[in-house]
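Next come two complexes built around chain A: one with chain B, the other with chain C.
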Partner chain A sequence: MRSEARRFSPFRRYLRNRLFLTGMIILTPMILIAVFAPLIAPSDPLEIDAVNKFQTLSREHPFGTDEFGRDVFSRVVHGATISLRVGGLTALFTAIIGVFIGLASGFYKLLDVVIMRFMDGLMIFPGLLLGILLMAALGPHEFNVVLAMTILYTPRIVRIVRGAVLEIKTQDYVDAARVIGASNIRILWRHILPNCLAPLIVQVTFGFAWAILIESGLSFLGLGTPPPAPSWGNIISDGREFIRNAPWLMIFPGLMISAAVLGLNLIGDGLRDILDPRLRNTRSQPESTAG
Partner chain B sequence: MIENFSDRYLLDVRHLKVHFFTDIGVIPALDGVDLWVRRGETLGLVGESGCGKTLMARAILRLVPDPGRIMDGEIYLEGDNLMELPEHKMRKVRGDRISMVFQEPMTSLNPVYTVGNQIMEVLTVHRSAMTGKEKKERAIELLKEVGIPSPEQRFFDYPRQLSGGMRQRVVIAMALACGNPQLLIADEPTTALDVTIQAQILELFRKIQDKMDMSILLITHDLGVIAETADRVAVMYAGTIVEYADVVRLFKQALHPYTLGLLKSILQPPQDGFRTRLHTIPGAVPDLLDIRNRCRFFSRCTYAHENICGREEPKMVEVEPGHLVRCARIEKIEEHRSRA
Partner chain C sequence: MWLYLLKRILAFIPAVFIVATLIFFLTRVVPGDPAWVLVGHQLSSEERLAEVRQELGLDKPIHTQYVMWLSKAIQGDFGTSIFFQQPVVKVIAERFPVTLSLTVLSLLLTILVGIPLGIFSAIRHNTRIDHFSTFFSVLGVSLPSFWVGFLLILLFSVTLGWFPTSGYRPISLGFVPWIRHLILPVVSLSLAEMALLTRMTRSSMLDVLGRDYIYTARAKGLGEGRVVLKHAFRNALVTVVTVIGLIFALGLGGSVLIENVFALPGLGRLIVSAAVRRDYPIVQAGMIYLTGVALLVNLIVDISYSWINPQVTYEK
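Up next, the complex of A and B:
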């Protein structure tokens, strides 16, 4: 029996989950596009060609051109880099900060009261609204978008981590660790943190999807990644006025946003089923925004 | 008491008080407990669920769960007062000089680490000078010592891959990791195991005790386990010790009405074809919020007398050297026994 348990590779468990597999099929090409954007894009996404503006789809311009004659395909391809970078960094930062605050909050009762009230305070604002506020205060810069979204999303990670810590710290093996003389820090890092990774990873995946949506929403409103950088939200924003005559300006980046968010959510759902089956019915939906 | 009283015992707990500060009031969960363990002996601590046995174990390690607090008392380990140690020194005591084995081997190991890794952690905490290789060798040696077959392979197993008895052996290996714990606290170590495994684990305790010359504080509610392993017994009721006796005397000449009730409640096989009804102690444990000025066993005791037991809490009386009873009606009970 023991050898069977070993032969059953954990990798197969992931691939057998349909949600996770579908999500990966959607997301993998997108990541490849994002990484190899300069090689894939036929032209410079910023290169203006006033003569060839508002070209429809053609062999030369698969997604047409925009009001400045820029190649929409190249812009969408480079947009993948920006959107995934911003989303990925947000996910990473929220995970790191969220883990620290969440661990402290779940473990130390006195800190908990203060931290959680502060987090509740942050959470009462609708995401996009506080995002607009923060961006207006911080100024337009790609890093500021990441910063603003990190501030917005961290409370959710904190809540997830804290909840897990509250549950895990009552486990017998945490008691056992204390009895062998382990310090609080050791107990937190070695015994509690690894056991709350499952819900954390799931939530971070949803955070990634959420960040892509919010970034697009902010860019659409002109408060996200500053133009002329071709983030998907910016492309849609630019094409807004010409939707009747040049719908391709909005359709393709829109499809990319939908696909990226769908893929990440599927992966998140899949991971949740694989890593933490108890959470099956407590889906945490990223709130929908403009797009 | 004599000045260097505490030097005579390995563990000497005096007048330990633990109170729980709850919303409904302050609960004196341990109310002035005296307890001592001699070098190399096994002291059995018996009592029903909720009487404070486990709390006693945790209090000795100064790990009282919230909202409890140690209010008063001294805990001497080889003459060192543990109550006066700062927390970082107390951590050095836990797992090294005093080890503990838990009731549930299924949950007292961390599911994300191999058993070898968890044994090595004890050494990381207490023997930081050891290299990784030394720690691993020591861990395998320990697995062998507690009777786990092919320890080199089991070292890499996760807890879920082992049976309950094997896990309990791993927990014991962790308790012994530092070499020679002076005191091993075993909190119902066999309750979650089936009877054959239980016998094996008790045998293992006996073996390591002989080998390492350590003392064991064995907490249990199973008088069978007590009869098999303990040298002396302390009977606990509602947060106090009501009777101390060595194990033979307890089974033959127990005096406290509660102990007598416990002894009568042992399952008996059918006699002459008739099944005997299992004896129970009538009533329930008193509300700890309201036990002032009378014997804690008053409401359930067949020997109770309103004017004696209902007026004040009885004092510990030494009826014979080493046999202490907290009861005001000893004469009555002895008389009753001699008549029977």
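Up next, the complex of A and C:
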């Protein structure tokens, strides 16, 4: 009995998925670093030390120091906090807004035409371009980065949710609920939303990864999180001039971005297999910025 | 078919119009006075500023400015760059070939690598090659392209000295210098594109290879090569072509980052510096060019469906 129960426990289903497990192994330490950054970082990421400029890797400075003598290891550690916070908030906001718009669009035919036209309009812009425009308009601020990326990514969530709603709407149990007198709101909330969750969670995970990549790209262009905040994109941007003599300035933050994004993409792939095997190889895909 | 073509081409026009309108108003809510940029901070007397604003038409209400701008833009006149003091169209024309070289070469490389790798990993499903290509395709979309660009510079330019670290030579100065300056940017831009195309080719091939007509083709005794290329790939091609259109648009966006890394004098880099300088005529026109190209590629993709799959009919 017990072993039977264990085999079917949902927890084990997650652990047995190799993609999900690998992603978690990569991401969990990142989250810990982000949360406990002040305890892990040996020094203040903004502290300038003019005497110790461009130190190579050493015991005191595991990732060396930059052109202001700031400890790169401390900056990279604090960068985890910024990047995961920006990415996580973007994922959260796109999920909330995307669900509302997606449910409305899938359920009410009249709204659908207007909403989807607007969403298509937002998706016309290739890649980063709309982000650059929005950031130039909004001005560099961490919250503005979240706002701009939320505007960029919400259409994708809306599409996923809307697609799921259109499919679920025709199911017998929705008709049954209506026959016994359930209101539209109740049908949406109790019957349709829970059945949209699987593709939603998968897409939001990819969105989290996407947001970390885009934030780093915008910061690299000088249009993201404003310096001197040590976001990973900023550290790379600062280090670019010194690539010949101090390549460590950009290698480590880049490794962190890659690892965080890879971890999240693997988790997304894993979740898709676990939660909704029908979706395999179809709708939700990791987003690339090609950037 | 012809009616469909006409419809698609006609639909292209309002799309460009909507984009242009969106871009105009987004660039104009930007805080910061372009007149300041032009006059410079040192000698900015109030009269001079007012004069410049009048020259640029900034003293008029925004909707008047919009109508003026749009009617000129339709005739191909995007005004004068505030920073360069040159016609916007001229500034853009100088930089457009760079961006086009970068993105088209990246697309070619992506197709050359992505499609064979995708097909190969589908027919060798669950072998080591398949696992490798799956891993490559997840990794490829996870690496920031601008960072990959720096790594390539570090290895191939700084350490090995095989390629120049940055800059651009037009193809008119010879093919070899042109391609030498573009190899590293193209590779960094196409890494994520290849990953996407490999992944999508693989999954649509896997889907098609499980269909009944593939069994039939094999049962007829057709060679494996013929089954894969003629029967399977031809059917997978619809998905693949869609993805190629998507990838090209992504590449246009990604070129902004790559042009910055390699100091290529392209359109993407121009737009970013113009956005920082509040040189909005450049930003507006540059965005419209890039988005217009993306829309055009989309149109070509749509039209090519009928050539790939004669079953697709366009009656609505």
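Please note the rule applied: the second predicted complex is superposed on the first by the 275 of 291 C-alpha atoms of A that agree within 3 Å, B and C clash if a C-alpha of one lies under 4 Å from a C-alpha of the other, contacts with A are read in each partner's own complex, and residues count from 1 in each chain.
As a convention for this text, contacts are C-beta pairs under 8 Å (C-beta built on N, C-alpha and C of every residue); 3 or more make two chains touch, one makes a residue touch a chain.
Keep in mind that this is a model prediction, so the values were computed, not measured.
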Contacts of A:181 with chain B and chain C, given as first, second, both or neither: first
Chain B versus chain C as contact partner of A:254, first or second or both or neither: second
First, second, both or neither for A:126, with chain B first and chain C second: second
Chain B versus chain C as contact partner of A:201, first or second or both or neither: neither
First (chain B), second (chain C), both or neither touched by A:240: second
Chain B versus chain C as contact partner of A:171, first or second or both or neither: first
Which superposed partner A:223 touches (first chain B, second chain C, both, neither): second
Chain A: partner with more touched residues, chain B or chain C: C
On chain A, positions contacted by chain B and by chain C: none
Residues of chain C that touch chain A when the two form their complex: 15, 18-19, 22-23, 26-27, 29-31, 138-147, 150-151, 153-154, 158, 189, 192-193, 195-196, 199-200, 203-204, 206-207, 247, 249-254, 256-257, 260-261, 271-272, 275-276, 283, 287, 290-291, 294-295
Chain B contact footprint on chain A (complex, rising order): 2, 5, 109, 171-173, 175-183, 186, 190-191, 194-195
Chain B residues touching chain A - in the complex, by the definition given at the top: 61, 63, 66, 88, 91-96, 99-100, 102, 104, 107-112, 121-122, 125-126, 157, 161, 171, 174, 177
For the chain A and chain C complex, residues of the former touching the latter: 121, 124-129, 132-134, 136-137, 139, 209, 213, 216-217, 220-223, 233, 236, 240, 243-244, 247, 250-251, 254, 257-258, 261-262, 265-266, 269, 281-282, 285-291
